[in-house]
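What follows is a pair of complexes built around chain A, which joins chain B in one and chain C in the other.
So, the complex of A and B:
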């Protein structure tokens, strides 16, 4: 799973441009006989193996897209102006190396050097509208030979294993969820099981909505990478999750409230099976559960996440034990679900 | 080794200000096969010597600093985090969400994160981060980390070296490894040249804080002429055009009180003769380079300076054109090959 995760983070899949991730997942499905379906928005829906008598229909979702940028203007001197796709802290951008468009034209995000900044400029952050990507084009015409407006831009950041059991990469949110979901497809389920690799989560949870409308599941489990601010100078009640303490269960975030029955079943499973877990302690962020919960006539949902430091940046970090425990918890929780719900 | 490979290799070296010992031997090995003698001095200045053929040779030094801005470990924080302070003119704008190497008992990888966006207050997003709010996340338990890292260990940023279109390259520390690359190219160019004067190429230390390498090496060598090679600001959309020089439009030659006017004229003449395009870089006072220190070494040293235009100085995406490095090297090589040293008979 770890190797798959590292490979997944190398792929550029900004919201609306997820095909690279989708193709990787299809090519790497362990069981080639699994049926899969690509819907019109780009979701990849894979029907898992199942035997058994439970009447439950379960949808497990992880989103394939990542935050990034789009080129929206090319200046006369050949610099690329850009706008963010998804939520990005503009303060992290100066000096980043990026890849532009289908041909992955290399570029860097520039800003005049500290020597040329006046006192107030040195103290203030730079807005995205004042930044640009430099691909070393001679002028606009030369730039247009390589790129065009509308091209997607991804951070150039390779996965690195470091410290004890840590990985740094871009797009851990939510390739981590994708990696876990790929593992779940290797199991045989006691109910109808659909793995939904969704699109456009970062721009408004759009893929999950249509996938849920199509499947009309009873249960929706969302696998996420979530905020983890257990770093110096952040107050204890603001940390959200703590790295290394296991996958997190959310009772609520900005888009959904967890189903109490599911929530209880999963944390009791964790306690019974001695799988480390934690509560996400801030009601913040939103994810596909928000759309799945209110789809059709309503779906019971639960969000299980792996804590992810420096999320939405090219140096996101997660703990590989947390990832393994997330797989364990979701797998055990799902297998015992029919008994717990009496279906 | 072509210029790209040379520059790439030099970018990947780490020599934070005051810790140039990390890279000195590597540089010496680049100079050694190209000169009569190479050595590393007490301060880790790396000096390559090429003897002149004149009976009474003058002494020319060519300097380019090889230190780089960086950070230093200033403390531990619970959870495998390190506090850091700046070494040289670090722009914290370019430190958020960055990978680093801590040069401890062993090299330790870390990342400098940022407070996640969902916890940022509106007022914070408008402010540049203070270095006291930045931490290196090493991913190690505290007890393990303390065995590997000590307070005072230097920290350098990791950045890819990215080859861009039109012969441009981007990465960290091109300020002033571009200049060091020029030194190597100059030595190569001088291989088959019988030059009258003794030539010392010097990769100098601690420029980023107080020009230390230039001060010590010019004092000890007492040159008749010094040629300084350093990067200058490339053209950037939002910066003052008078202080910036377009890439691929000629070698910037510095003009102003820090530079010897007659030697500078000779340099410009050489450029004309060799058909190497130049740009005039006007420095009305302290140019912020080693020239300022060398000019007043001992009884005074005539200095000329050539630049290499570089965009986004002191970030992890410094950007130069390889052609500019080659042109600067060619100009200096042709210049120092000539019988240019003016011996002035003193009356004291």
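So, the complex of A and C:
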């Protein structure tokens, strides 16, 4: 799983351009006989192996897309103006290495150096509209030979293992979920099991709605990389999650409320099997569960996440033990679900 | 009416935790309907059958109420909180709240707040009278929710209570189920979940019910208190027929039929034109291939506070209005 995760983070898959991720997942399916299809919006839906007697239909979702940018204008002197795709903190951008377009043209996000900034400029964060990407083009014409407006821009960041069992990479949100979901496809389930690798989560949970409307599941489990602010000067009740304490269970976020039965079942499973877990302490953000829950005639949902520091940046950090425990918790919780729900 | 209202408002039911209030409503409405069931998300759907050639009319009132959710318990046993639905920190300060298991809590704030502008829920907490994390966790777990405490009263022709939003709508639907007889149309009473967190229950309910017409029955703000923002809704001037709010523009046929019902039967009514807020009609009207929808709103002062206030005559007039409406939803005078 760790190797797959590292490989997954190397792929650029900004919302709406997830095909590289999709292809990697298909090529690396453990069992080549698994049935899969891409739906109209680009979700990859894989039917897992099942031998069960349970009447449940379970959808487990992780999104393939990551945050990034899109080129929206090329200046006469060949600099690229850009807009964000998904939520990005503009304060982290100056000096970032990026890859532009299909040919992965290397670029850097630039701004005038500190010497040339006046006092007020130094004090305030530069807005994205004042930044540009420099691809070393001589002029507009030269830039257009390499890139075009509408090209996607991804952080150029390679995964690095460091510390004790930690990884630093871009796009851990939500390639971490994708990696766990790929592992889950190696198991045999007692119910109908659909792995949904969704698209366009970062721009408004768009893919998951389409997938859920088609599948009409009874249960939707969403695997996420979530916020983790266990860093200096953050109060203990505002950390959201703590790295190394295991996967987190969310009782609520801004887009969905966990189904109480599911929540209790997973938390009891963790206690019983002695799998480390934590409650997410903040009710913030949203994810695919928001659209799955209200699709069709309604779906019971639960979100299980792995803590990721510095999420939505090129250097998000994840503890691989948390990831292993997330796999364990989701796997055990799902296998015992039919018994718990009496179905 | 106050006895029923007292039971309905006393029942615990923050968004996502509607089991208790659902059981109360099921008990009350069961004798008057032909079919009753709970769907996946917990919406309670009660059907009063009509003849084959009639219309299918969905009336929706939400069961859930706003609340506070325990997000973290600290070493000293204090419970950190977040909001479930629109809870104003200024309103929450100093309130008594009740958890699902009857545990009472006091909502307080960090003492170092000197300017009330800095008051936010993440600087507030619930104290349930313990001094230890372990003891608190024996009573309350993260994800458990608390609602405002307090009993409904009737005074000077008005009701005062927590959760009148929207238990007053639930009461109206229960009363209608009891009163409607020999209706030429099928009436589907839907008590929805998770309205306060974003109208999440009503859409899926409408998707399975597939009604011809839907009317949400909810509360709306008033403009009749000292120095308040101008708003053409007053207590005691009758139920409000919604023209638009932030989430819905009422279907003209539904809106006009409601107005005609009121005019013809001399039922006082007002018109609701809001630029903020929304009710279940917002997610019902765009469900499936679209459902012509509108809303009847009970004027309510002090929304989302423990002392919400409505006038009894507005409630009885809303019942009259909806009763004539379901008998003939395509009124043409």
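Convention: the second predicted complex is superposed on the first by the 343 of 343 C-alpha atoms of A that agree within 3 Å, B and C clash if a C-alpha of one lies under 4 Å from a C-alpha of the other, contacts with A are read in each partner's own complex, and residues count from 1 in each chain.
Basically, contacts are C-beta pairs under 8 Å (C-beta built on N, C-alpha and C of every residue); 3 or more make two chains touch, one makes a residue touch a chain.
Remember, it's a predicted structure, so these values are computed and weren't measured experimentally.
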Combined model on chain A where chain B meets chain C, clash or fit: fit
Chain touching more of chain A, residue-wise (chain B, chain C): B
Touched partner set for A:238, first chain B, second chain C, both or neither: both
Partner chain in contact with A:283 - chain B first, chain C second, else both or neither: second
Which of chain B and chain C A:87 touches, first, second, both or neither: first
First, second, both or neither for A:137, with chain B first and chain C second: first
Arrangement angle, chain B at one end, chain C at the other, chain A at the vertex (C-alpha, nearest 10°): 130
Which superposed partner A:229 touches (first chain B, second chain C, both, neither): first
CA minimum distance (chain B, chain C), superposed complexes, angstrom: 11
Overlap of chain C and chain B interfaces on chain A (superposed complexes): 238, 282
Chain C-touching residues of chain A, taken from the complex the two chains share: 218, 236-238, 251-252, 255-258, 260, 263, 279, 281-283, 293-300
Residues of chain B touching chain A in the complex: 77-81, 83, 89, 91, 93-94, 96-99, 109-120, 125-129, 133, 135, 137-141, 144, 159-160, 162-166, 168, 170, 233, 236-240, 243-244, 247, 288, 311-317, 319, 321
Chain A residues within the chain B interface of the complex: 75, 77, 79, 87-92, 94-97, 105-117, 122-126, 130, 132, 134-138, 142, 146, 156, 160, 162-166, 168, 227-234, 238, 240, 282, 284-285, 309-315, 317
Chain A-facing residues of chain C, complex: 15-17, 39-41, 43, 69, 71-72, 74, 80, 82-84, 122, 141-143, 194, 197-198, 200-201, 203-205, 207-208, 283
